[in-house]
Amino acid sequence: MSLQVDQIIERALDEDIGSGDPGSTLLFPEEARATAVIQAKESGILAGLPVAEATFKKLAPDLIWQPKTRDGQSVSSGEVVAELKGSLQGILMGERVALNFLQRLSGIATATRRFVDAVRGLDVKILDTRKTAPGLRVLDKYAVRAGGGHNHRFGLYDGILVKDNHIRAAGGVEKAMKLLREKSPPILKIEVEVTSVCQAQEALAAGAAVIMLDNMSSADMAEAVRIIGRRALVEASGGVTLEGVREIAATGVDWISVGALTHSAKALDLSLEVVSA
Amino acid sequence: MSLQVDQIIERALDEDIGSGDPGSTLLFPEEARATAVIQAKESGILAGLPVAEATFKKLAPDLIWQPKTRDGQSVSSGEVVAELKGSLQGILMGERVALNFLQRLSGIATATRRFVDAVRGLDVKILDTRKTAPGLRVLDKYAVRAGGGHNHRFGLYDGILVKDNHIRAAGGVEKAMKLLREKSPPILKIEVEVTSVCQAQEALAAGAAVIMLDNMSSADMAEAVRIIGRRALVEASGGVTLEGVREIAATGVDWISVGALTHSAKALDLSLEVVSA
Amino acid sequence: MSLQVDQIIERALDEDIGSGDPGSTLLFPEEARATAVIQAKESGILAGLPVAEATFKKLAPDLIWQPKTRDGQSVSSGEVVAELKGSLQGILMGERVALNFLQRLSGIATATRRFVDAVRGLDVKILDTRKTAPGLRVLDKYAVRAGGGHNHRFGLYDGILVKDNHIRAAGGVEKAMKLLREKSPPILKIEVEVTSVCQAQEALAAGAAVIMLDNMSSADMAEAVRIIGRRALVEASGGVTLEGVREIAATGVDWISVGALTHSAKALDLSLEVVSA
Amino acid sequence: MSLQVDQIIERALDEDIGSGDPGSTLLFPEEARATAVIQAKESGILAGLPVAEATFKKLAPDLIWQPKTRDGQSVSSGEVVAELKGSLQGILMGERVALNFLQRLSGIATATRRFVDAVRGLDVKILDTRKTAPGLRVLDKYAVRAGGGHNHRFGLYDGILVKDNHIRAAGGVEKAMKLLREKSPPILKIEVEVTSVCQAQEALAAGAAVIMLDNMSSADMAEAVRIIGRRALVEASGGVTLEGVREIAATGVDWISVGALTHSAKALDLSLEVVSA
Amino acid sequence: MSLQVDQIIERALDEDIGSGDPGSTLLFPEEARATAVIQAKESGILAGLPVAEATFKKLAPDLIWQPKTRDGQSVSSGEVVAELKGSLQGILMGERVALNFLQRLSGIATATRRFVDAVRGLDVKILDTRKTAPGLRVLDKYAVRAGGGHNHRFGLYDGILVKDNHIRAAGGVEKAMKLLREKSPPILKIEVEVTSVCQAQEALAAGAAVIMLDNMSSADMAEAVRIIGRRALVEASGGVTLEGVREIAATGVDWISVGALTHSAKALDLSLEVVSA
Amino acid sequence: MSLQVDQIIERALDEDIGSGDPGSTLLFPEEARATAVIQAKESGILAGLPVAEATFKKLAPDLIWQPKTRDGQSVSSGEVVAELKGSLQGILMGERVALNFLQRLSGIATATRRFVDAVRGLDVKILDTRKTAPGLRVLDKYAVRAGGGHNHRFGLYDGILVKDNHIRAAGGVEKAMKLLREKSPPILKIEVEVTSVCQAQEALAAGAAVIMLDNMSSADMAEAVRIIGRRALVEASGGVTLEGVREIAATGVDWISVGALTHSAKALDLSLEVVSA
């Protein structure tokens, strides 16, 4: 677990436990031990097992965690994904937080896998966006990788995306790119967002390393890909659905980014049951 | 904005901006000013305007924020929900984080309103659960209220829920309730989770203030409500869908709790456009 | 130790040690070991042993801590309450902070026990208030439990208390209660503060779950209890002294809350002595 | 307000408000305004007005705070110490935390003033100790100054105190002092704790800048003062009571330190009343 | 000021002021006002004025700050760089921290400018490294930009550098690059460190976007540049001195990175004087 | 490692690793193990080994750290200073941060040792100042001790320095000293900065415990030392160079403080090499 994830877990536990859990602490002695299982209640792709483990271990450092599968694997309804042995108080106090992580991340991984499967065989990468739950980006993006997707930039700092708003305010793509090529950290790639084939040509001429085709028709995307001719990477973006993704992929773009992977993923149903106490 | 929300916003900005936004800071002078609008791109219930405002003001303290509607109001596609005037850098750097808040919270409010509408006219409250995005619970629950729902407990600390796992490990509901009534903070209500009419009677006898009917049939729920006879509040829980919620409400339960409001809400589509710079 | 207590301990150590303890670190090598005892220097009820232990272990993770008694037990002057073996530097650097916790919490437990003893045999609970040392509430309230008392609400969030100021500003108790019953999280109990028998009746009629009799005479309290007739819980509050508490309890109230337990408790005298180094 | 005090206040508010104050926020609109007064309900020395002010302003930045007296002044029962005008929600949400600060700090200032008054006319300073509420030391020590006392060291870092435990473990006072004089930051004064006249002489010979007479009789203290002959400062410490303090002062010591100022001070009774809303 | 810089400043002030500044607070009333100037005591390139300003304003929000020059400008000995008017306490308490920032950052900017001047006229960029003072990277890198240099990656997250250690452990550059091209975030550039012309060819063949020539002779660097033929960017690194930098630049490399800019920069001498109080 | 140092290390790692290190985590499995050595690449005095160790252990708790020397020892070019065995990912991710600490602190220790050697045989102490890297003071001052120097005050809180600015604003040294002697914590020493022999006499008369001779000639310093006659400690300060320090020491001053030890120390060159993976 990285230090960032460690803090996310601590905050989540603090948020849920706050001034205490009178239920668990009054009903059971601190030394009570139990065995519990986490089970899938529907099929999907699992993600977040190490996060769930770390969550329980914050409350019960000597808990024994036995995963029955790995992140990125598919699970079916009824399948046990992990077994826990340790402090009964710890298991009960950590249950909701651990499941909240596991259900969200598995939901994202499951959604991602569906898009990845939909373009299988084509030379294209499914990417996420920055449309993640505030404060959970490293985890949301981890789940995308578990689902077989790739990560787009993590923030404003690890890649430069020149969007419509930037171009207009800067007085044109050429002017903007000139400034950025001179002054921005040269280790960063510069991507330019365009909405037409013509703008794509301009972006290419201005030196964009990546060109994002925003909400363009498949025909226009194919034309843009042809004209760019591998001199820049090409990303398709905007309202991508599971139904439409293969058609987009067939245009020859290199990347397809999908906001819904993280902003609208349905949680995967999972539960925890104490099997002996 | 409460201090908790303030910290959530600061963390979200830090997560997105990190070591800096070379795009905005190199392209535009610090003193550049702009006007932008936030628009709905689909219809739904808005929530999170004050959070979005606070997000931008962290980056641009003198930004002028003109909301065109209020949290809890319905908006339709194309409607402008707020206008911003101020630092161009601040608007561009805050855009994604502000929209992430606004889209998630509006998505929750929209989902909540659908459930509230589905039971309109019946004397029942739609409640949320603790199945919220880790670290965002106060906001997720705020959005539920904006949608017309009610909040269940915020954590393990402001209400006691005696679940299946507790009852078994404690050796029965009566024993568990006796201990809790003696020792737990008497200002806290005690709720007991049951899965049958018979257990509901036991819980009532043991002094539960609220009885949660977990995944029971409508017939059984109606029977339980009848037997309890207003001597305790009754909550229906477990796999509640928009299609099934009215039938559940008709059983006479007091509360219906719906995890999907927060764990699987689809983001509401909103965008920000710089209209003059 | 919960995460909250962990942070309280870290802050207390940081406050005391700051940029370093040149005394201990220059006089003794890091590897020096010692045995020390913590002794009571007056009789009282002990509370805080796990906090003291955690304090030392922050500085000396491999310290051996041997408690000779348990929180909630009475100790007499001269009694050894714990023995420590481990890093001499760690013991000397943690001494003051550990004792500060132990003395404060034992002082609170001792004061609480006196009130609990004073009402022994009567069916009433001694409760604390929110008048705790800022930042130490979870510990102050833990000490009250160790002393045999019960906890009132931990904050503004886990119970609603409608006070004089609220009622007046809201335009009457009925109006206030109507709003709260409709909108507040239904898992929260609502308590109403009253100063007369007449107001108690109003509060009852308005649906209060708990009625707080504030600074009323014993006769009035008895009358209020009689009229309420177990339809709500009754709390006595305001200037409760050890001398007067039994008379109040005899009025039949359910709870008696005492601010002095936490805002004015005298520290219990305890000391640490290095017995071999 | 220093940054440290600012954080203490934020933590105290977070501790009390947590996930929210449904009472105030549901009963009153955000824009409701009120006037309130803070009144003394017993006589004493006031301390903490700027802390109370800062507490309210965290919640209501535009609150108008009108102090009617100053920290360090004596107040009598019934006296208004401050008037507040501003957000009704803010006043109600901040009330308890602000009073908790004000009551604790005024209690410490009041206790301190009694000791200062008891030695008036003698050339001696009343000092505090490190026996403060964990996390509140800067405030507790501020209150001691407001009461007319002086601050001893703030932590292990701003003065070196060689105690019994140190001397024994180090193999004698001379050996310990030699090491410290060579190695410790030379800007720090070194104080040595002694329990007999003979040890006081040793400490003096070893170069102590301050000699602490721990739990010695008045006669012995007078003798020690005579022998030391102003070649070092002399501190009396250990079980100092209001009754005994003048006799100690009369021995000619320079400082008298009193742990009870901070570890056992009784809170000063103060209340807040909303006078118009 | 970004939120990150804000926290750096708060920590620096807390580090220096800690439990308080008895000097300033006892000698001067809170309301005392003063005018002060910050002066260069040697010539160099200034950087850090906004950081110094923010430092003072943390302590004295209404301080008037009048810069006499801008970051990135050269100053000469005796030149006033800023004038301050405001709280005397605030100016005295902030002096050291503000100067520590200003002197360090100006030292870095001055060193950077010397390297930039040494290669003037050649098409090459002077870059910094990750060899910055722990916790101060965003500021150290800001100062490099002020001096006319460019920033290399800010951390392990915004660019991938495959070093000797990685290549060996991964079993060769080709194998490493294959894995990274498939799995790493495609927005990140991949740079490979090489120590010979032959390795540079391998790196190019493996698809490196940037090739770092580590501690190679000028002749070898020139040869590598020739062979790479603009198909990748070329960075020279390792023991670059002011004397040798132009020779390196003449080899045709695109970037020259210099660790000494940040790990060994000499502070620029600056002082603050109160001119009227 | 103290809690303060622990936090410095965590912040430095977070600064460098941020959202992740795709290089190490994609190239190597989590369970890969390696052996690495840290080597000096030039001669100097080592400082920071325990900080480097703690840095790696944050990322790889079970890493085996085998130091080959100790802080404060001299090392020569090529010498191995520590060997590490453990997680390959952990070693690669911690490398830069650990070296940044080790190189800075060793640079400070090396510079300090040169000054200490230059005055060897004379009864004088080399002191540091508060001119440290913001946020790193406890470490910078630790390195000074490792180099054989002594620490001056750590902040504004552990010693009072009455400077030129204070004296003028307070209306003279006598007035300032009177106030401070009455009100300041009596455990703190008071030092007065002077720029002439005449002022030194004034300071002595006013009761200064330490007198700082700021930027005075050697002749004047010698005269001041003679006049003060051991009735106060004497510090020389201002523009002290390695060349001039022995002449200053010969004047008989007790302390010589050198800002350059910390504000301008050149990093010591050290490297890490993975020797087997």
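A few points about this structure:
So that you can tell them apart, the chains are marked A, B, C, D, E and F in the order they are listed, and the count of residues begins at 1 in each.
In this text, a contact is a pair of C-beta atoms (placed from the backbone, for glycine too) under 8 Å apart; a residue touches a chain by one contact, two chains touch by 3 or more.
Since the model is a prediction, treat every value here as computed from it, not as a measurement.
Across the two interfaces under comparison, C-F and B-C, the one joined by more C-beta contacts turns out to be B-C. Two copies of one chain, chain D and chain F, touch each other, and the residues they use overlap strongly: the shared fraction of interface numbers exceeds half. Chain E and chain F have CA centres that are 22 Å apart. Distance between chain centres (mean CA atoms), chain D to chain E: 44 Å. Per-chain CA centroids place chain A at a distance of 51 Å from chain D. Taken residue by residue, chain F touches two or more other chains at 17-20, 137, 154-155, 157-158, 183, 185, 188, whereas all remaining positions touch fewer. Under the stated contact rule, the graph of chain-to-chain touches is complete, every pair of chains being in contact. Across the complex, chain B meets chain C through its residues 125, 127, 150-154, 157-159, 183, 185-189, 191, 210, 233, 254-255. The residues of chain E lying in touch with chain D in their complex are 10, 13-14, 17-20, 58. On chain E, the positions that touch chain F within their shared complex are 8-9, 11-12, 15-24, 26-28, 32, 34, 36, 88, 92-93, 95-97, 99-101, 103-104, 107, 130-137, 154-158, 160-162, 165-166, 168-170, 176, 179-180, 183-185, 188, 259-260, 263-267, 273-274, 277. For chain B in complex with chain F, the residues that touch the partner chain are 18-19. By the touch criterion stated above, chain D contacts chain E in their complex at residues 2-4, 137-138, 141, 154-155, 158.
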